[in-house]
Structures are given as structure tokens and as C-alpha cells.
Amino acid sequence: MRKTLLSLLFLILIGLLMANTFSAKDSPWDDGKSIDLVWEISPMAIKVEICRQDADEPKRVLLTCSDPSGSFRDNELEPNNEYHYQLKAYFQDDDLTLSASAQTRAQWFYMGKLGFLLLLLLVCGAILYYIQAARHGKEFFIRRIAGLDSMEEAIGRATEKGKPILYVPGISDLDDIQTIASLTILSHLAERAAEYDTEIIVPCRFSMVLSAAKEVVREAYLKAGRLDAYKPDNVFYLTDDQFGFVAGIDGIMLRRKPAANFFMGSFYAESLILAETGFATGAIQTAGTAQAHQLPFFVVTCDYTLIGEELFAASAYLSKDPQQLGSLKGHDFGKLVIILLIILGVILEILETSNLKEFIAGAIS
Amino acid sequence: MKSSAPLIFAFIVGIIVLLSEFIPHSPFNEIVSTLEGWFMIISGFAILLGQISLIRMNTHKIVHKLDNWQYHLAGLISFGLMLALGLLWGMQETPGILGDATGIQAWLGQKPFDYLFENAYLPLSATLFSLLAFFIASAAYRAFIIRGLESNLLMITAIIVIIGRTSIGTMLTGWLPESLHFWHFPNLADFIMEFPNTAAQRAILISAGLGIVGSSLRIILGIERSYLGGDK
Amino acid sequence: MKISVLAERRIIYLVLLIAVALPLLFPIGWKTEVSGYTQMAYDLIENTPENKVVIISFDYDPSTMTELQPMGEAMIEHAFKRDQKIIATALWPMGVQMAEQAFEKVLRDYPDKKRGLDYVNLGYKVGGMVTIQAMGRDLKEVYPNDTRNTPYDQIPLLANTRRLKDVAWVSSLSSGVPGLKEWMMVARDSYNVPVTGGCTAVSAPGFFPYVNEQRQLTGLLGGLKAASEYESLIGRLGSATTKMDAQSVAHLLILVFIALGNIKVFVAKKKKTTKTKAFIIKRRKSND
């Protein structure tokens, strides 16, 4: 009896060891465009080939390897479709064919982006909290931003000299948030210029920026009660070409000799050409960009520079609107969170624990 | 309605695009690809708006003989010439309305559009970019002055990076033994660019990123309205 | 003799012009050491197997071709050497011509390479990141024909290439937006296709953070020096190598200008101090 039981156990063990499995499952937490294939077959296999057999298409080989066990993700499928797979394992004298099928299904959330979502909710929540606090009368301190305070001085100088102001809203299109931030500053500047009766020239690189800038400047003149002084031709399109645009602006600077130049928005290699030409004409210059590698050129050649975040804070700073000032406090909270995460991340990396990094980077499968 | 319609539209579209970043299920993924298609179409049409503005502005200055009207005439002529040449005879392998200009190609060596592109536009464009070299020299002469601790540090790092990024840096310290390889100018320059420079750039990127989040949130919620032309 | 600011500037420009022109006319032949970033970009292409389809995107215009065109030519030559199949695209309108010129130059040394079989120029498409995202879904939808109006399905090179994931690597040579960053955000982050590329020297520091452990960028060619490094790796005496002499001389000259600027300020400060001291002594004497 004992011998029989032992033999039976031995046979079951051999059977388990020899068991070949091949499964296909819809990838979790994705857009329904991938299926996970997992296989485990006898280590005696020389070659493993996995194919996908679609209804109206020929058999497609997805993977060829010699691993007896493994996993593979088939991407770029269509959601809510049934897919059939075949695994063919080749042995010395034999081969084995296994089949599996699965249906793709789109889930309602990208789990890999959970870390990103939580951080975003934290920062946005802080911004909304401080906006609410501002609405209820809480006052927030904001430090002086010299570049924005100087706007009045620049306009005054232009008025005294009887020269125009040049405003360049960057070289990116309207889909760049820096351009939108630039247009908000333009709105305030144009209103001041209208009050002082100073001409403002706004050359644009893209047509959509042109349309938005025209509207912004016109509304600013309207708000100042000086619609009669508004010149639509002062807001114009130059060219889409990067250096053609720069050449055009340089020409305007050298011919019209504006007393004040404002370079606000996204700039690239042409930043120094613009700023240095403006410096040569003796204009007072203020620049602002979030392009970190162009900031040194502006710092060297301009009288005032708005660095990174200051460009986005400009609208709040200039309008002195309590709600917008409150949102700036939310930025500071976000910076505090990031500083704490960096310190925590460094400590965890030293301790060789990368869970936090993987969570934030979205490595959850 | 005129002032609230854009705000409502901005809110709805902003929230949908934000949600689609996290929700893979349809219709969110389809909405985003539709919006992407619309953007491509609008970009194409928007080019026309710019050309109309360009022609209008230049024509006005020419007709009223304002200051420097000759430059505006030259600009319009150049614009018209390239447009006409491209339309009539095409460029590269693409034929124009009048064909491939085989006669002109035999004389010029290439199509008129390509000829002007390579011999007029290319040199002009490269020349303007090359102005950077001169402006860097004059800006460096004017701005790199030793005044205090910060300007001293700036000077030292500038010298190391300038020398390290040239063949001279390799020659000056190439003889250093392996144990002192860190002090090899190109390696020092790479170290400065990779660590202190990258750290500073990342800090600016992070704060700019937060500024973008705050700015975008204000626009989506309608708190920020200057881009539409007016405050509340 | 007092020199005006305008005259000073003109002297600087003239000296710089002469200093840059001379090495171009009389090459010096200084050697360049290969940096880690360039080596990474080289290794990506070197380690990609034969017959793989790759994308080189020419996202710049003639104003920056001095720095970027040599990179394009070197990468095309490297890919041809490794028998890789090249798809050229452009997110900037002039990029199409830049690509054609680069192919024309390299094909002089590789006359056996055939359009349609070994390389193809799909041309320019407006839209930037939106275009790249559409390419991720279906290349044929974005580029139904190539620049010679050959339909997508009739190009042998593209037979098994329908989306970005079918491509072995992407290289974007860019001088602004749209460009390298957009390719990285879509091709690398969304489709896990290795992305490398080149940019102008002034933009390079902004891209260095992306060459990291996560390989958001697999190497980077930043400026003319990196282009000449790449040329030395593939054993090619290209335009970047000859221009590096001029760049090295220009850099040295800028150091000289910085020194002169400091001397000028120091002398002026000293003169002012001496004048002030003399004035104070004179006042004291007259008071006495």
C-alpha cells in the first residue's frame, strides 16, 4: 500500500513537472490595446515560437526564443476584440502546440499614472485651497518682482522720449502656455500704454498668436477708454521662419528705436540676437521666459529678467487680484512637496529601496 | 453670453483633456485624437490668416509711402516671387502648374524655387544665425566682469567650460595621469554641465512646471481671463 | 585714446571675423575627445541589427544647418554602414530640403543605396507633437505618399512598418519646437522607442537632464563639437571636423576679450580712485 502511494505521488510529481501551460489575459489598467501572454513549459524545449492568428489576416509570429518560461505583452491591438494565440514548442524529437485566447478590454484608469495623479491632486488642491482662503479675505505676501515693477518705469521712459514700446510674445504658437502667459502680461502693458498714450508694437510669429494678440491689445485700449488711439496695424504678422522673424524684429528695433523692449514667452537660439540688438539701441529691456537655457543670455543683456515661474506669476502680480495671488501660494506648497519628496527619495535610494521612485514613475504593472 | 461662452468652453475642454490623460476607456481616447485632428486642420488654415495680415500691412505702407516703404516693397516682391515660382514650376520632384520647368532647369541646373532657396534663402538664414557668434563675443566682453564672489565663480566656470569644449582643452590637460583624469578640462566641463548646471536647470524646470500647472488651472477655472482680452 | 562703445563693438566683430576665417582657410588639425553623450548616441546606432527600419527627423531650417547638417550626414552614413533602412521625416517645412541635401551628399560614397529600398523621404507634416502621436497610431495615415508621390504601400522599405513601434530608433535633429522634446515625449515615453538626436550647442544644456537612467534620451549630440566627435567615431572627415578648428580659435578669442574687458574696468576703477584721492587732497589743502 505504502509502495503504491509512493509510486502514485512520484507519477503526480513527474506530471506536474512536465505540465505545460500557456495563458493569455487582458493587460490590466490599460487602454485595451494589449494582452499579456505567460507560458511555462518543459525545460527540454529547444525553441519557443508564439504566433497570433487573426480572423482575416495571416498568422503573425510575435516572438521566437528559447526560454521555457516567460511573459510577453502584445501591444497595439484593438479594444474589445478577441485574439487567438498559439505557442509552438520544439523539442528534440517532438513539438508541442498550445492555444490561448483573450479579449481586450479598456479599463477606466491607467494605474501606472496613480502617482502622477496623486501629486497633481495635491498641488491643485493646495492651489484651490489658497484661492478659497484669498476669497475669504486672507492676505498673502508676495515678494517684489523687479522685472514687473519696472514696467511703469519703462512705459514712462518711452512716453518721455516719444518712442514706441516693442513687445515680442515669444516664438511659439498659442498651444505653448508661455505664449498665453505672455499675452496676459501684454494685456496689462497695453492698458498702461493706452493710458500714457504710448505706441506699442507687437510683431507675431504665428497667425493664431496674431489673432489673440490683436484681441488682447484692442480690449486693453477699450478698458483704458482709448479705443481711438488703438492702431490695428501695430499688431502684425511677420513670418513663420524663426530667423526671418528675428531679422524683422531687429529691423524694427534699428529703424523705430523703441525706448523699451519686452521679450516675454518662449525663445530659443535667437534670444541673444534680439536682446543684444536691443541693447545696442539703448532701450530699457525686460525679458521673461521659462526656457532655462536661454535665461543666461537674457540676464546678461537685459535690465530685468523674469525667471521661469515669475513669467507665470506675472498676471497675478500685476492684477493684484487676491484669488490669483492665492494661487501663487499653491505653487509654493507644490515646491515644498517636491523638496520633501527629493529628500525622501535620496534617503530611500541610499537605503536601496526604490518603491517610492517606481510608484511615482508609474512602474506598477 | 459673449464673455461666458469661451470660459465655459475652456473649462469643459480643459477638464476632458485632463481626464483623458488618466482614463484609457473610450470615448476619452477618441475625444483626444479628434481634438488633435482639429488642431492640425486649424494650424493649416491659420497660415492663410498670417499671409493676409502680411500682405495687408506691407501694402498699406507701400501705398501711403510711409517711412522705409522700399523695404516693404522688397519684402512683398520676394514673397510673391517665391510663391509664384513654387506654384508654377514646383520644387524638388514635385511638379507645379506649368510642369517641371525642364528648360529652366537645364539653364539654372535646378528649378527656380530651389535655386533661390539654396542661393538666396539658405545663406541669408545661416548669416543671421551666425550673428550669434559676434553677439556672444560682445556680450561676454561687456558682462563677464569680476565684481564679487558670484561673478568670480561665474568667471571660473565660464573659463573651464569654454576651454573644455574645444580641442585646446584636450591638448592642455591630456597629459594628466589616470588618477587625475577628473581635472582634465573636457571632463571638468562635462562635470559642471552635468551636475551644478543640470541641478539649476532642473530647479528652474520644476518651478516653471508648477507655474504651468497653476496658470493652466487658473485658465481652466476661468480665474485668469487676460488671454481672452479682458478681466472679469 | 578713448574708443566709443560702438567702435569697440566693431573692433571685436572684425577681430572675431578674422580669427574664425583663418582656420577655415588654413586648417590647424586639432583633435577632439569623444564625450559620453556622443558615445551613447553612437552605441545606439552601432548596436542596432541590420535591416532594421529607423527614423531620422530633420526638425531644423537652414539657419542652424551649420551645426545640425553634419550630424544628419554622419548618422545617415552610420546607418548605411550598419545596413539599416532610413525613413526621413520633417516637422519643420525646410527640413525636407535639409534631408534631401544630406542624402545627396552621403550617397556619393554609397551609390548602391536605393531610394525606396534603403531610404525614403516622407516629407513634412504640420502639427508637431500631434503629428508624432498620429504616427504612433498609423504612419500611412500621416504620410500616404513620400516626397516623390509614391504611395506608401508601393515603398518596399515600409512594407512591415506601420507605426512607431515598428521602428528601431528615432533620431531628431532639432533647433527648436517642434523637435527633440516632442519626439521624446511621444516615441520614447508612449511607445518605448529609443530616441536620440542632436541640437545646437546653446540648447544642449536644456536636454542633458533627459539623458538619464530612464534613457529618456539615449545620448545627445550637442553642437558642432559633438558632430565632429561623431564623425571621428565613424571614421569620417566631415564638415564638422574642419569647422572645429575655427570654433576652438573663437573660444580662445572670447577668453581674451573677457580678460580685456576686466582690464578695462580695473583701469577705469583705478583712475577714478586716483582722481577722487587727488580731489580730496586738493580740498584739504585749500581748507588749510
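Labels for the chains are A, B and C, by order of writing; each one numbers its residues from 1.
Keep this in mind: contacts are C-beta pairs under 8 Å (C-beta built on N, C-alpha and C of every residue); 3 or more make two chains touch, one makes a residue touch a chain.
What you see is a predicted model; the values in this text were computed from it and never measured.
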Geometric centre: closest chain by C-alpha means: B
Relative to subunit A, chain with the most remote C-alpha centre: C
Interchain centroid distance [CA atoms averaged], subunit A/subunit C, Å: 23
Subunit B-subunit C separation of Cα centroids, rounded to whole Å: 14
Residue list for subunit B, restricted to those that touch at least two other chains: 39, 43, 125, 128-129, 132, 136, 138, 142, 201, 205
Two or more partner chains touched - positions in subunit A: 240-241, 243, 269, 292-293, 297
Subunit C: positions in contact with at least two other chains: 9, 61, 63-64, 202, 205-206
Residue numbers on subunit C that touch subunit B, as the complex places them: 8-9, 12-13, 16-17, 20, 30-33, 35-36, 61-66, 96-97, 100, 126-127, 130-131, 133-134, 137, 147-149, 201-202, 205-206, 208-209, 223, 225, 244-245, 247-248, 250-255, 257-258, 260-262, 265
In the complex, subunit A residues that touch subunit C: 75-76, 171-172, 176, 240-243, 266, 268-269, 280, 291-294, 297, 361
Contact set on subunit C toward subunit A in their complex: 9, 61, 63-64, 93, 163, 165, 175-177, 200, 202-206, 214
Residues of subunit B that touch subunit C when the two form their complex: 33, 36-37, 39-40, 43-44, 92-94, 114, 117, 121-122, 125-126, 128-130, 132-134, 136-138, 140-142, 144-146, 155, 158-159, 162-163, 165-168, 170-171, 174, 186, 190, 193-194, 197-198, 201-202, 205
Partner subunit B, residues of subunit A touching it in the complex: 30-32, 79, 106-110, 113, 117, 120, 123-124, 127-128, 131, 173, 175, 177, 180-181, 183-184, 187-188, 206-208, 210-212, 215-216, 218-220, 223, 233, 236-241, 243-244, 246-247, 251, 255, 269, 272-273, 276-277, 290, 292-293, 295, 297, 300-301, 307-309, 311-313, 315, 319, 321, 323-324, 327-328, 330-331, 334-335, 338
